[in-house]
Amino acid sequence: MALKVDDLTVARGGVPVLAGISFEVADGAALVLRGPNGIGKTTLLRTLAGLQPAITGHIDFPEDTGAYASHADGIKAQLTVTENLGFWGDVHGADVPDTVFEAFDLTDLRDRVAGTLSAGQKRRLGLARLGVIGRKVLFLDEPTVSLDGFSVKMFATWLRESHLAKGGIAVIATHIDLGLDAPELELSPYKATADTAGGSDEAFL
Amino acid sequence: MSIWEYANPKKFIATTTPLVPWLLWGAIAILTVGLIWGFFFTPDDVRQGSTVKIFYLHVPSAMMAINVWIMMLIASLVWLVRRHHVSALAAKAAAPIGIVMTLIALFTGAVWGQPMWGTWWAWDPRLTSFLILFLFYLGYTALWAAIEDPDTAADLTSVLCIVGSVFAVLSRYAVNFWNQGLHQPASLSLDKEENVADVFWYPALVCIAGFVLLFVALVLMRTASEIRLRRMRALEARMRS
Amino acid sequence: MIALLKRDLTLAVRAGGGFGLGLAFFLIVIVLVPFGVGPEAEVLARIAPGMLWVAALLAALLSLDRIFALDFEDGSLPLLATSPLPLEGVALMKGVAHWVTTGLPLTIAAPLLGFLLNLSPSAYLWLLGSLALGTPALSMIGTFGAAVTVGLKRGGLLMSLLVLPLYVPTLIFGSEAVRRGAGGFDATIPMLMVAGITLGCFALLPFAAAAALRVNLR
Amino acid sequence: MIPDLGKYAVEVLAAYGVSITLLIGLVLGSVRRSRKVKARLAAVEAAWESTS
């Protein structure tokens, strides 16, 4: 079953920011969210991932198959690369496949303590988590921040060949071109207006 | 018409605003009568002398200190279950009143105890329990003040109020267990009127009515203020966007 | 859930200070007591049960704000919230991890520090028992307080204000057990009360803590 | 005027004085806050009316 979003309104701090969003992403497809800073891309992704409630609308995808990733990726500086990934694997009841280390160019860094990695290497480790947890629907918030061009290509390749090709789904907020053959959704037309219903303080107007 | 209609902030303000002055002046009048009656026109107790006059302040404030917390607990539950903003704001508005009531109960209790126990502060179970209640009130209001987003604050303070209530009851038992106490047994409970002679009992009743009415007036007024602040915030947020 | 516990314990060992800090604080408070109240052995013996409990409580309080703050800052918490682990389980494991890193060492160290305060010999078993039964409650209550204040800047001081009144029943029954033990009496009743509080805290507070976490992650 | 309070006069008068001061403070504080909030809201509402 695919990801289906129907007439979604999301709020940040109780104030509606985006309203009336509807889209559908088929299995094996990706959707790129576009829009200026502050339009509500992060809010939308957090709502889709279930971290905050939607004001109205339906989000439909199989339960317990979604995963959220932002630039804060929960890397523990005191643990090694393998331990970091192993922890998320354990939490999700999955093993850490060797292919993940290769796909994200972490093979040589396996036993390095994460605190000694560079910013780009840390990001690769954070993204490698997505290859470990085996979730089908990924909600990615600026996944390529602080990655160099080579690493961006590597991530895009992983996404295309190891995730989407196996029927996975990805919704990505990004400002750069990942080289994915994916439709784009411009969020500006959905910007909530001052009279959009559903704000938490609506009763006071 | 259902009672929940008053949970609409506008309806609440429209209904309560004309009531508040009447309630407030009524409370002040009744309290003045009760306190003057108690202070000037009651005899001294044989055993406790004139300190018995503190009774007219201590007992009502102590009752209110507990009742205000219970009201906050109920309001918190209503907010968590039915998401009525007025309920959460009423709990917020009641807390400072509870703090003042607890302070009065503590101060009058200590002063009353001074001649009886020979010391300003005794770790008597009841006084200690009120001290703990005072700390709960402080934590509750501090949490409201610390959180920026009003709905987050309402949620978290409600959870704290519920957990705090359980621990407050637990503390009461623990404190009883810990120190058997110098306090006289509950001097005023409705089924044991004979505990207190009528001369003391009638002005005390008037004072209790005054305290209750004062609380109602203040909590309505303060809730209205909180509602207006939320409305202000909502309008400002809309004007910015 | 075990994975989370294992990770938190590994982090506590590697980050350093996890085990040591609370313990050192406990030691310092107990060492300072005689300077404050004077060196008379009888006086120290009299206040020893209470001082040991109060010092252990403060030492446990010291590390509470780290329970969720680190995971909140580096983004682990939203990732855990969207993982198959229920947040109730996360809160429970955080409480257990805090107990293993502070409550357990405090319990083991307390009898040694009892010597410094001239604690009556009959009280040692009760001291060990009441701390072993009572410090888990302190950790779980603290986890709740940390969950409520996790999103706040400068939440540490506020958390102490919220948590300390909640600590009162545990402290009363715990130190009462030791005091009765020191007097040579049977302390079964306060011990049972401590055990009851701990069981109640572990049964109910994870739900309250998870509710607070959900609100704070919104 | 003041009744004979015996040897506990200080205690009784202190209890009444402090309690009544606290109550008056609470009432005045609430009333003042209510007035201030009303005025501030009126200003914001006026601005709101003029924009929309």
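Per-chain residue numbering starts at 1, and chain names A, B, C and D are given in the order in which the chains are listed.
Here is the rule we use: contacts are C-beta pairs under 8 Å (C-beta built on N, C-alpha and C of every residue); 3 or more make two chains touch, one makes a residue touch a chain.
The structure displayed is predicted, hence computed values, not measured ones.
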Which of A-B and B-C has more C-beta contact pairs: B-C
Gap in Å, rounded to a whole number, between the CA centres of chain C and chain B: 32
Intercentroid distance (Cα basis), chain B paired with chain A, Å: 49
Separation of mean Cα positions, chain D and chain C [Å, integer]: 41
Chain centre separation (chain A, chain D; CA means) in Å: 53
Shared interface positions of chain C, touching two or more other chains: 218
Chain A, residues touching no fewer than two other chains: 194
Touching two or more other chains - residues of chain D: none
Touching pairs among all chains present in the structure: A-B, A-C, B-C, B-D
Residues on chain B engaged by chain D in the complex (per definition of touch): 24, 28, 31, 35, 39-40, 44, 49-51, 53-54, 57-58, 61, 96-97, 100, 103-104, 107-108, 111-112, 114-115, 214, 218, 221-222, 224-225, 228-229, 231-232, 235-236, 238-239
Residue numbers on chain B that touch chain C, as the complex places them: 132, 135-136, 138-139, 142-143, 146-147, 152, 155-156, 159-160, 162-164, 166-168, 170-171, 173-175, 177-178
In the complex with chain B, residue positions of chain D that touch it: 3-9, 11-12, 14-16, 18-20, 22-23, 25-27, 30-31, 33-34, 37-38, 40-41, 44-45, 47-48, 51
Partner chain B, residues of chain C touching it in the complex: 144, 148-149, 151-152, 155, 158, 161-162, 164-166, 168-169, 172-173, 176, 190, 193, 197, 204-205, 208, 211-212, 215-216, 218
Interfacial residue positions of chain C with respect to chain A in the complex: 2-4, 6-7, 10-11, 14-15, 71, 73-85, 217-218
